[in-house]
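The structure's right below; bear with me while I get my questions together.
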């Protein structure tokens, strides 16, 4: 769990987001997208605040947050690494690349490096199968990977 | 109504359009096994997520099996409910469910009452294919003063979620996570006490396994009874007598008041009292408060809050403290019968018996799990000593009786002890929806009008519909009454009051379906709502058979006021019998 | 410097390179030089022509002559006859297999008809962020046409075209529209399912990125047909570019009055909003998708009621996927007769496939229904990467199955794929070669399903988990014959009992691999061997004493000191210590370490 | 922007827009313009299409060439991204695969200016409904 403390300015930000969707409970997913966009993740207090604004139980919000893999309750690293584990990448050796990232960063999938610089996650198909295996770091896509390129790529950050 | 013809297991059947295969089969005596499906038809509550896939049947021409609970019949449909394919599918699915379920049945609180357990026996599961290192979905355990959650035993039937959200609109529980780790939990999988849970316990009442159970206080009772320094007295709520018999194989609706008193005496309680006595007392206080507010209102005092809301139901109290913190001055300030009893027992009765407060142990037997939470509230303690020490459920009492080798069936009928054992018919019907307000009306009418009632029964206040309204003629003054049971209906009623749709003088609210007869501490109904209806009828029957049927005519109540309290709403009464509410807003 | 007069294009695709195209290029260059033509004629190495069976290929520009099976020895004749004298070398020309005539112009070769682009008609040809370019290519003319018909007439055209849903199960689109049109309601919705989630499929993304206006137009057409004024596109949040281009397209369409009130002077109002997915594969299922759009957990519910009766917010809703919509304007522009002339009897039109995996030409292709897998994989796809042997092709994503060599000549359509134990799915097509272990592939898909199962129904939630664990056990070499029976029974029960389409099809990868690659399962279970060498636990590294020079490099690098041996003496691996990390295999310079 | 109010409006608009809008805007004699279309779908961009596009734009600016650069969607040659289509007036369009900045400059210098093809062109392997008609 995070040590996130909700400040008044945060409450204002969340309120503005909810207002922009007319505080419609049906817009919960859009609200969460926007909110995660602002905070980078969805800590407990943020979810409570969203629930409060949309007038729905926080259990519902949490139920939705934990259902969708896009939403996260943990802060990501400064550079979020997402390795594609789609089929095309899988048959072209994405697992080996993943192992190399784990080795180089010293973390497991879903973790953040101690310095907060990198986080490592997997996702399913970014649709760049022509470049398989593919990794996303932030918004940048690196394609046609093999384990030997991992160190070099990380050195850019 | 359009009729549909089909055959089920070679038997032709004709049913209304829109009927499910499950219901059609039931009509011709075929009971298709089901697990997640639950239909409390008398109460309009249905849980049909189609998740367990146990109730599948074969339908000719369909490529896969059909879930009978949610497949509507079609003209000419040919259904088979017991082919090898169906039986294998059910057994395999059950085996899967069991493969992710703890195997501690022998020591599980639901042992013997578990629907999963009996279904596994019915389906003939004899082994579970072992997969090396097979994962089990396990979760943090959680215990509140009322409920325990052991979600390792959850089978995702979603009944609790339906009760908590759709029926009660409490919103404490939601399905969380996804896939194998999907489970029903409060937000952030935290403890229930941090959630907006009201401890109504309806999740427990419908849980088919041991995932949700009450906190078991039976051992505390056994220890207290064995302590020679303690005087242990017991009070039993009205709805208990209409349901306890079920635990001993008696027909639902069998009243066991006398046997229950006998059993309690044999368990070793120094005095066997009745919460009904306190119910009569509640009417004196709440009825007076009602009349007080109405009179002031009629005189034009605009500071008076109307409608007055009953406050006997502890889950309801929790609900409005959490959801309507702006309306804390609206409900009656009268304590619930359980707490009035405790307060009187530890003052008036303790004084009579010359027992120190600390040495008097008050136990309550309740159809309710929220009562466990209620008796632990700080405002109901004096120097840390609670007015009611322990609250146990009907099920726990049955368990105590069994543990103590008491053969319930052969017990004689015995009476309650005095002075806190006498009650009227008005008190008895507290245990069902509409009963409190009927009891209040009986007394308020006579006090307000100064006339005797010709007809004691107010049938217009009775029934099992979720929201009921009635106008009672108080000799020219029409008193408008609203009644709701189930918190979702309460919310609707209250929102209606807020929006001006309703204009009531008094509202009775009970959290559980059918009122206390459908309380979460009662013997499990296993989805059969006719059981709740039978208990409901039994209480009116008991009322009918009582000689005294109006609370203000209870001689021991009259005596209590004479000897101790003075008059209703007196300073002593206020101090002992009234309470105040807190803002406990949570999302 | 002389002006280049002629280009000789030589295919440099993997297939052709294998058949000596490199030497051909050298030879052509030598011949040109010998004739002093190297200043005027240039040899160019190109990407794959996708005609690998007839390779190497040489194409002469500007006259478009197409030579097949050209050997290095033919270079001289091509240069002397064609380049110098302008006479085509007839014997090397492509021979039409039916007429046996030589075809000299590549534009008239049957091969080029293998791909027909309907859904992808504008992808790559127009600027997706400029609605005018779409209009120039007849954009919104179909909508105009439809607005002059009655909805029933328009629906009839869709029905007659034979278009079936491209998202998976292939439900007839016209019929779906008709049902939605007949349900009365104050508000109805057109929903575009753009939650493409199959791992290894990117058709919808490409259409949305390349031709977003076609979807906007098709949704408006659908809205008119079923009586809806609101459209919703449910799109993966992982597709930022597609989202942006859709927003641009919707914005421009509004500006031009092609969305909004009174479209093209008619009484028809229509507008579109975007809804974002949040990473749940199950939301591709239409009831789950609708719940997700309502801000809830994307759990499917039992049908009926179908969305056409009670969908978004309980109102009748028509859900189609992106590719289905992309076909709609073309059907109205060119007529249902034209559309239904393409494809097979029961599957009309074309299908877009995302061709990926161990194939040379990974790409997005669109072929008429009825094209065979062989044509797709070996002609368009250019065959297997690295000249390896084809083993299987997986279609339909996690809901599909693996097809083998025996299916290569099966014409692709909805029904044939289902009959073969797979399904069309959304169009992912992953090619696997001899190095792929089919048990691992099945495990890979199960892993996906386990991760993406919504958890609502027991068979999918627990059953797939147990299947995955069992496959893991088999890959570890601990499987038993009972495990195979267990898998078989579980697969069938899950198929029969799971709640939604995704659950019901989730055992397909296991069932199809167990059916077509039972040998491989048996090898894992009985012989404790992984024939493809993919399963780490079943692999053993052994030193071939004949090749080992005793250089000690392997022993020095072994992390568990499992390798022993004296200098210049063949080394030995102690199997009990070996952790199968593969370091020795990578380090050995003599190829002495073998995987068994 | 005027709204299109009828099907006739739409037809007129289509006619008025010459086959290439951007060319019309940029030059008085569009028939002499060369068009370069860079495939800018996710995979193209991931493979470096944006850099390629910028290279073209800088080069054209520097040499003041009559070339128009636009973006397009995926052409389907995912294995060869980034891909670029070049249409020289009077010639069939040519698709180049695996284009990087270096190849981009080569395309301009060799193919567009001198008419020489360079290695790495991709044969078109499909037809669209427009062509078939």
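Lettered A, B, C and D in written order, each chain numbered from 1.
By definition in this document, a residue touches a chain if its C-beta (ideal position, glycine included) is under 8 Å from a C-beta of that chain, and two chains touch if they have at least 3 such contacts.
These numbers were taken from a predicted model, which means no experiment stands behind them.
Trainee: So which chain is the furthest away from chain B, centre to centre on CA atoms?
Mentor: Between chain B and every other chain, the largest centroid distance is to D.
Trainee: Based on mean C-alpha positions, which chain is nearest the centroid of every protein C-alpha shown?
Mentor: A
Trainee: Return the distance between the CA-based centres of chain A and chain B, expressed in whole Å.
Mentor: Each chain reduced to its C-alpha mean, chain A and chain B end up 44 Å apart.
Trainee: Using mean CA coordinates as chain centres, what's the chain A-chain D distance in Å?
Mentor: Taking the mean C-alpha position of each chain, the two centres sit 36 Å apart.
Trainee: Could you please state the distance in Å, as a whole number, between where the Cα atoms of chain A are centred and where those of chain C are centred?
Mentor: Roughly 27 Å separates the two chain centres.
Trainee: From the mean C-alpha coordinate of chain B to that of chain D, what's the distance rounded to whole Å?
Mentor: Going by mean C-alpha positions, chain B sits 73 Å from chain D.
Trainee: Going by the contact rule already set, what residues in chain C reach two or more other chains?
Mentor: 202, 205-206, 239, 280, 297, 299, 356, 362-363, 452, 454 - these are the residues of chain C that touch more than one other chain.
Trainee: Counting only residues that touch at least 2 other chains, which ones in chain A make the list?
Mentor: Residue numbers touching two or more other chains: 63, 67, 69, 126-130.
Trainee: Find every residue in chain D that makes contact with two or more other chains and list them.
Mentor: Counting only residues that touch two or more other chains, chain D contributes 42-43, 45, 77-80.
Trainee: By the document's touch rule, what are all the touching chain pairs in this structure?
Mentor: A-B, A-C, A-D, B-C, C-D
Trainee: For chain D, which residues are in contact with chain A within the complex?
Mentor: Residue list for chain D touching chain A: 42-43, 45-47, 77-81.
Trainee: Chain D touches which residues of chain A in the complex?
Mentor: Checking each residue of chain A against chain D gives 126-131, 134, 141-143.
Trainee: Can you list the chain B residues touching chain C in their complex?
Mentor: Those residues of chain B that touch chain C are 49-53, 56, 64-65, 67, 70-72, 85, 88-89, 92-93, 96-97, 99-100, 129, 131-135, 155-156, 175, 177-182.
Trainee: Mind pulling up the chain C residues that touch chain D in the complex?
Mentor: Touching chain D: residues 3-4, 7, 9, 11-12, 42, 44-50, 59, 61, 111-118, 120-130, 132-133, 135-138, 140-141, 144-145, 147-148, 202, 205-207, 209-211, 239, 241-242, 255-258, 264-265, 330, 334, 356, 360-366, 380 of chain C.
Trainee: Looking at the complex, which residues from chain C come into contact with chain A?
Mentor: Within the complex, chain C touches chain A at residues 196-202, 205-206, 237-240, 275-281, 292-299, 313, 354, 356-358, 362-363, 394, 397, 428, 430, 432, 436, 441, 444-445, 448, 452, 454.
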